[in-house]
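In what comes next, subunit A is part of two complexes: it sits with subunit B in the first one and with subunit C in the second one.
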Partner chain A sequence: MSLVEVLASIVFYPPIYQLVIVGLIVTLGVVIIILWFERKATARVQRRLGPYHVAPKLAGMPQLLADLLRYAFQEIIIPRTVDRGVFITAPIIATVLSILPIAVVPFTSIPDYWPIPMDYSVLVALAISTVSPIFLVLAGWASNNKFSIIGGVREAFIITAYELIAILSILSVSAATLSFNFIDIVNAQMNTAWFIILNPIAFMAAFLAVLMSTSGFPFEIPESENEVVAGPFTEYSGILYGLNMGAAYMKRFAFSIILAVAFLGGWSPLTPGEGILYGYLLPSIVVIIKAFILMMVFSFLRSVYGRYRLDQALQGAWRLVFPMALIGFGIGIIEAYLGLT
Partner chain B sequence: MSVSVIGGPKRESDLKIPGTEVRKIEKDLYEVFIGPQHPGSGHMRIIIRVDGDVIVEADPDMGYVHRTMEKLGEIRQYIKNIPLFERMAIQDACNVTVPYVLALEKILDIEPPQRAKYLRSLLCEINRIAAHLYGFGIFGVFIGHSTMYMWAFADREVMVELAEKLTGARLTHSYPIPGGARRDMPQDFPQAARKAARYMRRRLEEYRKIFLDNPVMKARMEGVGYIPKKLAAELGVVGPVARASGIKYDARYNDPYDAYDEVDFEIPVFEEGDALARAWVKVEEIKQSLRIIEQAVDWLESHTSEAPIHDKFWAKSPPLWKKVFEKEGRVKLLPMMATMKIPPGKAFARGETARGEIVYYVESTGDSIPYRVRIVSPSARNAIVFKYVVPGHRVMDLPTIYGSIDYFPPEADR
Partner chain C sequence: MPARPVAKALPKRRGLFEGFKGNIAAISLGVKYLIDPKRFTLIYPNEYIKLDPGYRGFIVLEKKKCINCSSCARICPAAAMKMIKLPEPDPRHPGKTKIKLWPVINYQRCIFCGYCVDVCPTEALYHVPYHDIVYENLAEMDWDLETFTKPPDYPTASEGMPVKYIVDEERGLVKVKAQEGEQ
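Moving on to the complex of A and B:
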């Protein structure tokens, strides 16, 4: 074995590839690029330049690296009145949990390249994704600050509203394919059509649920600056604040990957072949590109909408999006009954 | 283990420092202090008590930017008060100083030349648009719409540059003086003004599309901060807040000053009385201001240029002053004006700023400094809305109401 092969076998060892390479490095890169895109796109709509001063030839891209470095080396101020242990660990656990769903989503149909071979990957991915918001509520509670507590309570309200919608609408795909396995779901989409076409209502519901879960506009309610300063993160500074803010984007990326696999056909135009390159690397790149496009759509909404009021968002979620998710689930069952998939 | 905070109270008896008393609040209520160090409060503090998500009590705590304008006004010469009073509302500089100048003119018993009246009204309307756009931008960012914020502040630049062309200063123009105005209109001003008016009309249509008719923003504004006509009259609110509640009251219309009795304009009045109506009033007022600007520019263009200052002062000016005016269109301030003594008397004058009616009462004892200058600014009169309209709304409605009444602390605190 040559050195390249040894390296490749280490890098593309599925748990390492999906947890470290995609889960940490690619996610960080995507978050940075998407933040840059968000700033630039918003600036274009608002007739400004956006980030510019750091390397104008790269359209200000290194500005985000500078921001990241600033967060990394800023002093972390921990107020005396906070619950120290929870205050420090909550954002770290929330960040880890928000990227963990990537570990169970397969990027290819070749069994050799599944990190954890199992038949219930959809359920496990959704289950992991529901844990991280609890730590945001905890972070708000541990801060012992009125704005943090109000922000935490808002977060809790929003969780109850979106969680069921997210699970139901993504499970509608399982209902249609009679399987909890992402591989079967992608194969079914490759045989017929993507679920965004077969079941657009479920996709819309899932899209809105992801938007709510990651505080994207128009649902940027827990961190709404004009009433609760920074919501649960009011007392945070330095890298802990950076983690809190980054966690939302990382979670959005993890959800985008789930949506890309469940609704946008996964690695669809590509049929995974033999070897690492065709069997693992290229399919995973296709999935990441699809997730990235979804992220861009999420980000663009910032320049169009303001934020809903909390009660309006909850009302919309329960009265409009929840029935949408139920209808989507029904459509999934009907499709399975008719044998469309 | 006892926790001691450096500089903080150690015993309960130490808590009796004025302003830090422990106050009892009802059970199940949560008291939140919004401001003065808060991204959504401005230079003030709003103490709200919430039951769940609903505000049951709101207490505006004003005065954080009190600058003793009235007292400072008593130790400066009359003319030096103009740049001082401008600082109340920088974006609205001409509107807040014109009534002061009107009051002085009443005591002096002089009438400025027609050209000066038109010039002042022209700048007043430019300022009004700039102030409305400023308010719009703040309103937008308060309810999370950053695009409205950036657009309004960018378009305000057009008006600020127009004002610069006319007066030579972007802000704090110190333009009106007793007996006239400081500068005549430059040659190329009419074209610039008409171009700006065309541009502004086009932009207002875009504002409607992205902000006023945006379903999310409409849901936030509709029915929020509803002030019925009767309540508006009882609270004594002024300006766009009153006009959005169906009260047709505008100092330009009820008590015309300067050129307002000669130009043709309407007072937009809405009946709904909510935040959305207040936003629409501002849009309609910008349209009317553009009409006034165009009419004023037409008038100024069709009449021959003359020094826009009363003959009482102009006749005494040395030849150099006249040469400067012919060359630059600038009225050089007479030295006698700085130490000008105003005959004994009292005068009361009012004008309409972007945020509502401003009232000046000037009393002179024949000295070169006023005996008393009393100012009642529109924001001070609108602040009462926080106390009586906010309770019953949700916490997230507070910025909506704040932004929609366009409350401006530096102006209210004086």
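Moving on to the complex of A and C:
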């Protein structure tokens, strides 16, 4: 074996590839580009320029790198009144847990490149994704500050609103394919049509639930700047604040990958072939591009919408989106009954 | 008299279809602006607004026209303009000097009202059409007679591109490049 093959076998060892390469490096890059896109798109809609002066030829892209470095080297101030251990560990655990669902989503149909045995991967991914918001509530509680506690309580309210919707609407795909396995779901989509066409209502509900869970703009309620200073993150500074802010985007990326596999056909135009290149790298790139486009749609909504009040968001979630999720689940069952998938 | 309690009714709920239509309209408007942004930000050091000749910018003295009458110093509402006494050779009595009054201006106080330019009987004072000049300290803003008699340097013009804003009926404010010969 030559050196390249050894390196490739290390890099493309599924746990390392999914968790380190995609989970950390690609996610960081995607988050930076998405933050830049968000600022630039919002500026265009509001007839401004957005980030410009750092490098006019790159349309101000290095501005985000500069921001990242600033957060990385800023002093971390820990107030005397906070619960020290929880205060420091909560954002770290929240960040780790928010990218962990990537580890169980397959990027290819070839069994050699599955990170875990795939029989209940949909359930595992959804289960992991529900853990991280607890730590945001915990961060708000540990900060011992009225704004943080209000933000944490708002986060808790939002959790109750979106969690059921997210799980139900993504499980409607499982109901349609009679399987909790992402591979079966993607194969079913390759045989017929993508689930965004077969079951648009469930996709809509899942989209809104992801938007709520990652405080995307119409539902950016926990850390609304002009009501509670930064919500649960009021007392944070430096890299811990950066982690808190990045965790939402990382979670959004993880959810986007789940949605891309479950509703947008996964690696669909591509049939994974032999070898690392055709069997693992190219399908994963297709999935990441689909997730990236979803992220761009999520970010673009920031420039259009204002912020709902908490009661409006909860009302909308329970009265509108929850029935949508139920209808989507019903459509999934009907499709399975009729044998469409 | 205490405020009378009023029973407030909730605004009537719009139907599902109305709300859906509103959301679609908002998103499509956003997409329209994303594709065609219609922005008019002035990228300042690289572009600057070319101002019209009537603009009340910095004030300059033409020393040849000045008849030392002190009208400008008298009318100045901010007391920015002052007359200073300078000796100069007397043409009628060679070998002797006489004292003359000359205006100087202090831009810490000047409010750019232009009264001095208006009141000057011989039009010895005039405005230059720019005002964005930076000084390193306050003492530099107190001009002496020599600085006052020539127009100040305008570094923005040498580095930036002159632009003008016009009002377009469809696009609102539009930034266009200012013509060379146009004043």
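We take it that the second predicted complex is superposed on the first by the 341 of 341 C-alpha atoms of A that agree within 3 Å, B and C clash if a C-alpha of one lies under 4 Å from a C-alpha of the other, contacts with A are read in each partner's own complex, and residues count from 1 in each chain.
Going forward, a contact is a pair of C-beta atoms (placed from the backbone, for glycine too) under 8 Å apart; a residue touches a chain by one contact, two chains touch by 3 or more.
Since we're looking at a predicted model, the values are computed, not measured.
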| said: Residues of subunit A touched by subunit B versus by subunit C: which partner has the larger set? | reply: B
| request: Determine, under the contact definition given at the top, whether A:K146 touches first (subunit B), second (subunit C), both, or neither. | output: first
| Counting only touches as set out at the top, which of subunit B and subunit C does A:L310 meet: first, second, both, neither? | first
| field | First (subunit B), second (subunit C), both or neither touched by A:V45 | value | both
| query | When the two structures are overlaid on chain A, which partner does A:V229 contact: first (subunit B), second (subunit C), both, or neither? | reply | first
| Which of subunit B and subunit C A:F300 touches, first, second, both or neither | second
| message | I'd like to check the shared interface: which positions of subunit A are touched by both subunit B and subunit C across the two complexes? | response | 45, 47-48, 303-305
| So in the complex, which bits of subunit A are touching subunit B? | 42, 45-48, 80, 146-147, 150, 217-218, 220-221, 224-227, 229, 302-312
| message | List the residues on subunit A that touch subunit C in their complex, please. | response | 41, 43-45, 47-49, 52, 300-301, 303-305, 320
| request: State the interface residues of subunit B toward subunit A in the complex, per the touch definition above. | output: 3, 5, 30, 32-34, 38-40, 53, 140-148, 150-151, 154, 210, 214, 216-217, 219-220, 394-399
| field | List of subunit C residues in touch with subunit A within their complex | value | 16, 26-27, 29-31, 33-34, 37-41, 43
